[in-house]
Amino acid sequence: MLINCVAYREGRKVAHVELRDVHTYLQQAGTFVWVALHEPTQAELATMQEEFDLHDLAVEDAGHSHEAVARAKIEEYGDALFVVLNTAEFTPTDEIKIGEVGIFVGKNYVLSVRRRTERGFRDVRSRVEREPELLRHGSGYVLYALMDAVVDRYFPVLDAVEAELEAIEEQLFAGDDPRGSIEALYYVKQELTTLKHATAPLLEATAKLFGGRVPHTCAGLGEYFRDVYDHLIRINQSIDAARETVSTAIQVNLAMVQVSESEVTKRLAAYGALVAVPTMIVGVYGMNFAQMPELKWTLGYPLVMALIALIDGLLFYRFRKAGWL
Amino acid sequence: MLINCVAYREGRKVAHVELRDVHTYLQQAGTFVWVALHEPTQAELATMQEEFDLHDLAVEDAGHSHEAVARAKIEEYGDALFVVLNTAEFTPTDEIKIGEVGIFVGKNYVLSVRRRTERGFRDVRSRVEREPELLRHGSGYVLYALMDAVVDRYFPVLDAVEAELEAIEEQLFAGDDPRGSIEALYYVKQELTTLKHATAPLLEATAKLFGGRVPHTCAGLGEYFRDVYDHLIRINQSIDAARETVSTAIQVNLAMVQVSESEVTKRLAAYGALVAVPTMIVGVYGMNFAQMPELKWTLGYPLVMALIALIDGLLFYRFRKAGWL
Amino acid sequence: MLINCVAYREGRKVAHVELRDVHTYLQQAGTFVWVALHEPTQAELATMQEEFDLHDLAVEDAGHSHEAVARAKIEEYGDALFVVLNTAEFTPTDEIKIGEVGIFVGKNYVLSVRRRTERGFRDVRSRVEREPELLRHGSGYVLYALMDAVVDRYFPVLDAVEAELEAIEEQLFAGDDPRGSIEALYYVKQELTTLKHATAPLLEATAKLFGGRVPHTCAGLGEYFRDVYDHLIRINQSIDAARETVSTAIQVNLAMVQVSESEVTKRLAAYGALVAVPTMIVGVYGMNFAQMPELKWTLGYPLVMALIALIDGLLFYRFRKAGWL
Amino acid sequence: MLINCVAYREGRKVAHVELRDVHTYLQQAGTFVWVALHEPTQAELATMQEEFDLHDLAVEDAGHSHEAVARAKIEEYGDALFVVLNTAEFTPTDEIKIGEVGIFVGKNYVLSVRRRTERGFRDVRSRVEREPELLRHGSGYVLYALMDAVVDRYFPVLDAVEAELEAIEEQLFAGDDPRGSIEALYYVKQELTTLKHATAPLLEATAKLFGGRVPHTCAGLGEYFRDVYDHLIRINQSIDAARETVSTAIQVNLAMVQVSESEVTKRLAAYGALVAVPTMIVGVYGMNFAQMPELKWTLGYPLVMALIALIDGLLFYRFRKAGWL
Amino acid sequence: MLINCVAYREGRKVAHVELRDVHTYLQQAGTFVWVALHEPTQAELATMQEEFDLHDLAVEDAGHSHEAVARAKIEEYGDALFVVLNTAEFTPTDEIKIGEVGIFVGKNYVLSVRRRTERGFRDVRSRVEREPELLRHGSGYVLYALMDAVVDRYFPVLDAVEAELEAIEEQLFAGDDPRGSIEALYYVKQELTTLKHATAPLLEATAKLFGGRVPHTCAGLGEYFRDVYDHLIRINQSIDAARETVSTAIQVNLAMVQVSESEVTKRLAAYGALVAVPTMIVGVYGMNFAQMPELKWTLGYPLVMALIALIDGLLFYRFRKAGWL
């Protein structure tokens, strides 16, 4: 579906363009066209391929809707760039959903193809249109703005996962629900792996857009792409730290269960003793020997009961002191 | 066994060729011969070695049928390339079987030697014959097509393993069959290791076919080999993620068993108490003291039984409240 | 808030300068201005940006007070450097707090922007003012002095964490409080991760200030920055060693709990036997058979009791010998 | 001990040489001498050092018989090479024994010094003497032949370890002997570490003998050394895979023990209940209350026994259904 | 404290020198002075700094006695080298103590500053004085001799740790003292970490003294420093292997405890059954039913006792067969 198709010259919007008229603008000096598609049909992609002379393999990558989510990357096809970004957003059921944005960037065009993600880039377009002096850099600046937006949207997702992790952490040492903790930790780890796989390849790819030899369309924007890179490093580092925390927490959870088990064992044993010893004693006086003098004593019964109470009292005191009860 | 031997010129099939006539086509400009063998005899390999002037060590690698499966690699022997790919397919008993394809590529020939794998490359040959404008690139394009096919066939195998892993995951938290879960996880890990060892060396080797200095026969096809590389990266990443999931799942399984054990211990202890306390009480009234007034009471027996019921009721209520029952 | 703004020439203090007069000093040859800000307002930052012609992205990094703590880095913007350092200090509640210092360094100015940290750099200023022959190196030397101070302040923080770890270690083998040990280990690990994330990126960044191509403002100070680097390596190595110790300690703690559990089980079982065997024996003589000769013996009762004592004595001796009691 | 000393020219054996006559052959063009020593005396080594002008440090390395096994390496001393290889073979008691072969290679000599290994290289000498066209490459080819032999002899050793591992694997899930399994896994891991330490340094060293700048004596043999390298990569990969399998198996073993423990606990508890409940019931009718009507019933006793049988039957059925028995 | 101060020319000792006369020898061609200090005072260091024109930062590193042990490194200050080595020796209480040796090397001087280590380098001085042809290489050779000595002294320390580890290993499978084993493993791991931190940085630093561009004072000694490097590699590898063994051993220990626990549980349960079943049976005949025909039988009592013996015999046989007893 076509979302938007606008031509820009000298950093300013010139006109909304019909897809079939794109080529007229492509030939004007200092002008570039920015087309945004969402879940495009094969026909739309074919039109775009013809207009912008895109490479087969790149179009195939951007178009295969049935395939698994593509991996973030930045590829050069001659002077043109093909960039794949992975978006991250929460589904209504609070799961992390990874989408993808394929961006074709040439000297005089930017084509973004959005898939499997609800949130679009209208706000990015508005922002760059308010900064004509920066947009004057051309299509490379649009690429920066899109990458910056995608990367900035990782932060709230990561924050949510980290908050979840902190909640589990508290529960961990309270020891209420070890079964729940471990299940939660498992799913947090999966979420972090998902985020890692979205951001790590992008980190690697972004490093090619500043510093040494950079693609022609990104020239002069090194400090901007380095800024994106810096954000990605931070995200990756936070993800790694969180993953390590999860690993430790799983170990800790196991140890806490073991410690609890050990405490329960001791408590049970103590209560067991409080019942078993009286049972043994009363058994003695249940014997049928002809000659058992105590049985004849008037105070035999209360004395035995008192003895039992005394022994149990003593045991209780010792167990309590040893921390078993 | 010879599967096929065809000469191509300018991207189009020229003729089916007898092995002994191969040399006549090798001398024609712009022509290359594509030979496909399956589990060849030593004699067939010797013929091929003579026709194409293959290096001893490469032929030895492709021919040693008694040896363990070869490792994926790309080696240059002068202008010629020797490529080993590992195929992955399921056996009828649902185990992953790794096969190998040795591919000799020269300026004017491609020789593929398939071993330990059922599935051939007839569909690859059909596909490239339908794309003459690409096949015009020569023997290097056939190499690409074969690598692409081998790599694409990893995806369904990996999908099956991942589906298996998800099934285990569900069972894990249901806690039905920890013994089965752990055995399944162990075998999934072995399968992932098998896949990893098939794909990781290929990833490394493929990187040499685009970018910097590339072998002569692959020149001009950089974007195609980069596409294969990209697929391999994705596969490797998925394998790594799955392996990590397995590791975590083994830990989680251990913790779940421990938690279950702990729960069972508590449940048992609670039921134990419900039996032990009455046993102690009835023991008291089994004592043979001459003076035990309760024994004379008309309602002694029902009162004791009521007391026992009361105590057990109370214990039951407390255990239930503490979540032990 | 402005802390200090001083102009230096030839290694000596020239004058305290008002922010609005900074530009007059910037034009004097061999002179540089060192401005220190603490939690500056947007207005203060804007003034500074104008005076020193700072890059938008760097100012944004130094100014975003609502964001998470920035990551240590060293970035070049043309001839100017933008350095971010992370400070580490203990809060009154003994938690590690990571702050940040953004340092803008140009040929004739140093601007330090301190955030989220109590401790300032007055002592650093005093020290460099006492070493005019070194301060003569210009703004680069001030950068060194600030980095050196930040890095040296890591040592006491790390020492405190290591002392904590040693205390846990002792407790570990005493086995008093496994629950407390594991919780303590978990938090020490978190602290070490926090420190690692403050120091590791700085290590990487510092390596760019000596050796090969170094930024212009740091020229001739290679040995000083290498010294900072050396300290950072040592800190990182200590952190890594401590983290590994924590990991091992968590495993050891788990094993100790298990061993304790095992010992308790044996002890309990031994005591259980000392009670269960007499219970069985007295049960025998509680049977109501008409013909049980022992019941008629005058010494039946004491003999049985002696038998029980004998058996329990024997059991006790065997259990003690086996190390169960 | 001198094993053999032969001069070769143009790929063919010229003569068996006495050690003291070696120098006469060294001066003949196109001739090289191949000397094989086994556990040489200091005197023999000194003679060789003089004849071939070997470097002190290399001779020291090859001669220190009291030291720990040397590490595989390839060192250049001027034009000469000093290569250390580690051999692996089984002792009669089925332990892996690591030996070493020091090989000095110069333009016109090869000296191999074998230590701590039974098996010699007579078969290697025979093989190369049957291939004069290859032996014509000179001393470098002898080096290749020796390395190839040493590396090929790793395969059966590794196969044996892998077979051992598979045997343990089966036992693991049968669960017969967890104590034996874990001990076996521990020793397999040690064996794999031993093999790793023999092969990994050699892998690294071999990489220097082909590709970029290679030592003079190995020139023109790149494809042969690459083949050795390829075998080493495969061995290393197999070792790594096996080590990972061992790690997983240790975890799995732990989990299986835990699962078994859990199952045993349940089984015990079930049987315990089958005994405890009747004990409680019979205790009730052992009470001495004057008024217990059931005691007077003619069928009291059989009814109680029937009740007990009924309850136990019911419990047994429920336990069986729950999978506890 | 000054240990020794000697001037050497052409590889031979010229004279014992007073510290204040050092400068006269420094000016003589082909002469160098080797000074050895042990725990020097600030004054001694200041004298040395003046004589040899040492860099402030290096002297500070070598002099800060209150600081933690310095990290091994090799730094260039102009033409001079500053080397820090870590020594390892056992204290009388058998703990590993890490000391440090700072070595300043210039064209015509070597200054070694030893700290926190008992053992000096008199034997090194004697050795090099016996090899004038090697000492002729000048101050670089002295550096080699010192490094070689420090590195060679690691071997017996490492051997002791490995012997300790083997002793633990035996105990591990005997299963006598799991608590002691784990504590011992923990401390061995700490010792290995200590050794690792002494040797790993040195390994890295030593690599700079041969191969590519080497410091001027070490020129022509590449093979010697490579030999030191080779020893360091071996030490590092042994440490890594030992550390891995410790990790595995900790896991194994945990598993062995678990297995023991499981065995004890079964044994206990078996003995429990041997007591519980008779207790239940005798309880039956303790019931007070009016009509219990067996109670009247003359042989009732011996028959019941025989029944109990029979059942216990049967149980014992079954438990023994199942391996529980």
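Read from first to last, the chains carry the letters A, B, C, D and E; within each, the first residue is number 1.
Criterion: a contact is a pair of C-beta atoms (placed from the backbone, for glycine too) under 8 Å apart; a residue touches a chain by one contact, two chains touch by 3 or more.
Computed from a predicted model, the values in this text were never measured in an experiment.
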Chain-touch separation of chain A and chain D, in steps, is 2
In contact with chain D and chain E alike are the chains none
Can you tell me the C-alpha superposition angle of chain C onto chain E, nearest 5°? 70
Quick one: chain C and chain D, Cα centre-to-centre, how many Å? 41
Between chain A and chain B, what distance separates the C-alpha centroids? Give it in angstrom. 25
What parts of chain B, by residue number, touch at least two of the other chains? 251, 254, 258, 261, 265, 272, 276, 279, 283, 286-288, 292
Line, ring, star, complete or other: which describes how these chains touch one another? ring
From the touch relation defined up front, give the order of chains around the ring, starting at chain A and going on to chain C. A, C, E, D, B
In the complex formed with chain C, which residues of chain A make contact? 173, 223-224, 226-227, 230, 233-234, 237, 241, 244-245, 248-249, 251-252, 254-256, 258-259, 261-262, 265-266, 269, 272-273, 276-277, 279-280, 283-284, 286-292
The chain D residues in contact with chain E across the complex are 55, 57, 61, 68, 70-71, 73, 75, 77, 178-179, 182-183, 185-186, 189-190, 193, 197, 201, 247, 250-251, 253-254, 257-258, 260-261, 264-265, 268, 271-272, 275-276, 278-279, 282-283, 285-288, 292, 294-301, 304-305
